[in-house]
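Note that chain A is present in both complexes that follow, paired respectively with chain B and with chain C.
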Partner chain A sequence: MENALELLALSPPGWGGNLLRGLWSTFQIALGAYILGLALGLFGAFGKIYGGPVLRGVLTVYTTVIRAVPELVLILLLYYLGTDLLNMALTSMGFERMDISGLWAGIYVIGFVQGAYSTEVLRGAFHAVPFGQIEAARAIGMSAFTAHWRIILPAMIPFALPGLANLWLIATKETALLAVVGFSELALETKQAAGATKAYFMFYLAAGALYLMLSLASTGVFALVERRFRRGQPSQS
Partner chain B sequence: MTDPASASGTAATLQVEDLHKSFGDLEVLKGVSMSAREGDVVSLIGSSGSGKSTFLRCINLLELPTAGVIRLSGEEVKFKGSGPNRVPADKKQVARLRSQLGMVFQSFNLWQHMTVLQNVMEGQVQVLGVPKAEARARAEAILERVGLYDKRAQYPAFLSGGQQQRAAIARAVAMEPKVMLFDEPTSALDPELVGEVLKVIRGLAEEGRTMILVTHEMRFARDVSSEVVYLHEGRVEERGAPDEIFTHPKSERFAAFIQNTH
Partner chain C sequence: MDWSWLPEYLPRFVEGLWLTLQLLFWSILIGMSLAIPIGLVQVTGPRPLAWLARGFTTVIRGTPLLIQLWLIYYGVGSLFPSIPGIRESFLWPVLRDAFPYAVLAFSLSVAGYEGEIMRGAFRGVPKGELEAARAVGMSPFQVLRRVWLPRALQNTFPTLTGEFILTLKATPLAATITVFEVYGIGSIVRQETYKIYEPLLFVAAIYLCLTGILVLGFRYLENRIPKQSRS
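Let's look at the complex of A and B:
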């Protein structure tokens, strides 16, 4: 047991500091990816609702393909495809090839996957808003923009939150898949610590506990947010 | 027919001429005309499916009329195209005219994520650009008048149907509309809640507000209206001053209709 605590100590030779740095990277990638996913989701949802046939077609391919292909495959594909395309573009414009930082590549890859799910969550939430609320906004003379900003989006939030909370938890866990392309987030740090010390069970247990803490804290935050946005609805309980 | 009404006091506040509306092959309105001068209360009655709601919703362009002219204070709604492709030519005009036509829906349609007070302030602030403090003062005064001042901080879902409808009326009144449009404002209410809403509407009528009222409450229509219009299958079958047409109906259908609804 003492041995275990020494191994988890925050400063070397303990590996605790590495695990916490890994957790921090995991959190940053998840948060960035989540925000990018939300932005893509908003664009995707309203594109599907209001877009012409071409845009709708493109978005349907996006959401269908992303949701059909296993995450791990997508991450490998998007990572290598994305970095290759970027470097091809750079070299063709006469710039040097560049190494994309792990953080940004991770955000882009997972955010792109999240966007497909966010699109569907937000589209569902839009259709759940009672049509009368939208008509009342038009009838009072609001412009389309004002109606969306002041009425439709806020009315969508309670319907979207359960799905969006889920997506956040998925984002935090999906970051572990980035280990396959060599990002030092929590999963990879754990693997290295475990490999170096042979204390596999303990390090994976510690990592599991850190993921659980992140998840519990997030659930708490989402519960608060949800309560705030459900003020207008009588509670079901 | 007539020239766009001049700014003189005798001009109709709302004028609708020969309005047609089709949904696909189904022609729901087959040429309906109506005009309301300032202070007029026009009640639209008729059996279910006769086109009353459609007519009302055409006035503020929630439905797009396939033909016909709509004028508010002499300003004609501009359209382009024709038939099913006829659309408003000027979105800004549509928004402005809508802000001058206070609509009250059968199902209230209050914004659920806002308190009663915020509902009543929203249009003033976002559409009319009234400063918040002023909008709040006006909203509070109106809520006081409809008996909801105590409920101003409440969310709509926590109110009774009658209270929600009074809040919705307050929301419309806060815009200082030139004409108010009511689409069966009491039909979704439990019978014991109808009275409180009718009382508010009667108060507005007595203040001299111009309104078009779709209703199944015959007694009420008779009491408050300056004109009653009976629609049948998308046409005006009978119209006139309430005392006149309820006591001496000309059309047999209208006579039968008032028999059945009493």
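Let's look at the complex of A and C:
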């Protein structure tokens, strides 16, 4: 037990500091990816609702393929594809080739995957908004944009929140897959600490506890947010 | 695009595919059997058991599967060799192989997620049906076996497709503990041929086909099961 505390100490030779730094990267990647996913999802949802046949077709392929192929395969594919395309663009404009940092690459690949799921959640929420509210907004003379900004988006939020909360939890857990590609976050820091000290059991248990804390804290925050957005709505029971 | 490596590696992909299907089958089978008691004790069990089940689902759903897999394979697996005499015992060939660890980790994951669904399914069976069963003189166990469990399982059927697909998409993680299923074979091809896109695209296509087969198969089954009328 004393040995375990020594290994988890915050300053070297303990590895606790590394784990906490990993947790911070995990949080940053998850948050960035979540926001990127929401932006893609918003675009995707409205593209599927209002878009022409071509845009709708492209978006259907996007959501279907992303949701049917394992995340690990997608992460590798998107990472290589992204860096190759970026470097092709850079060299054609006469710049030097560059390596994307682990943080931004992680945000981009996880965010791209999250976008497909967000699209479906937001599209479902849009269809749950009573049509009369949209008609009423247009009837009192709001432009299409104003009606969306003031009426539809706020009305969508309570319907979308349970799904979006779930997506955030998935995002935090999915970042662990980046360890397989070699980006530094909690899972990789843990793997390195465990490999160096041979205390596999203890370090994976500690990492699990950190992930669990992040999940439980997030669930609590989302419960508060949901209560705020549901104020004034009849309680469901 | 250069696909000249494909004929050489195709037999290994078939082996990998077989391994993927085995992982999927055993994980779902064991996971579902564990999910039933986990869901049941949360609805009707004694308090301590209910708390235990609740804690189990929370931990499983709150931590990444990759960490669970590594904890079981590297963590628990590293504790075994310290037990004296275990290398000579009949269990050693099983404990040395990575496949059982992968099945165990995936089963526990399925049990955690599906246990939560079973809890809702048990609760969702109308009270009147259980009361009617008791009124005709069935013992509590008979009520469970003849009415409660079948009706709850019927309610979870639509979620099964999703559970199968989620588990299928989790199987590549097994490659990180040296179980070379489809994704693992793809990684071997990448290392040996120095090609990046072709093996990955091929692997992605295989998973796309598997998901498609699962979705269509379950749709067919669902149409064959008589729908319950909701009044």
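Here, the second predicted complex is superposed on the first by the 236 of 237 C-alpha atoms of A that agree within 3 Å, B and C clash if a C-alpha of one lies under 4 Å from a C-alpha of the other, contacts with A are read in each partner's own complex, and residues count from 1 in each chain.
Here is the rule we go by: contacts are C-beta pairs under 8 Å (C-beta built on N, C-alpha and C of every residue); 3 or more make two chains touch, one makes a residue touch a chain.
Source: prediction; values computed, not measured.
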Chain A as common anchor, with chain B and chain C clashing or fitting: fit
Touched partner set for A:R231, first chain B, second chain C, both or neither: first
Partner chain in contact with A:A207 - chain B first, chain C second, else both or neither: second
Touched partner set for A:S92, first chain B, second chain C, both or neither: neither
Touched partner set for A:L76, first chain B, second chain C, both or neither: second
Touching partner for A:A194 - first (chain B), second (chain C), both, neither: second
Degrees between the directions from chain A toward chain B and toward chain C, using C-alpha centres, nearest 10: 110
Partner, of chain C and chain B, that touches more residues belonging to chain A: C
Touching partner for A:V65 - first (chain B), second (chain C), both, neither: second
After superposition on chain A, the shortest CA separation from chain B to chain C (Å): 23
Residues of chain A contacting chain B in one complex and chain C in the other: none
List of chain A residues in touch with chain C within their complex: 65, 68-74, 76-77, 80-81, 169, 173-177, 179-180, 187, 190-191, 194, 198, 200-202, 204-205, 207-208, 211-212, 215-216
Chain A-facing residues of chain C, complex: 58-59, 61-68, 70-71, 74-76, 78-79, 165, 168-173, 175-176, 183, 186, 196-197, 200-201, 203-204, 207-208, 211-212
Chain A - residues contacting chain B, complex: 130, 132-133, 135-143, 146, 150-151, 154-155, 157-158, 229, 231-234
Partner chain A, residues of chain B touching it in the complex: 60, 62, 91, 95-101, 103, 105, 107-114, 122-123, 126-127, 155-158, 171-172, 175
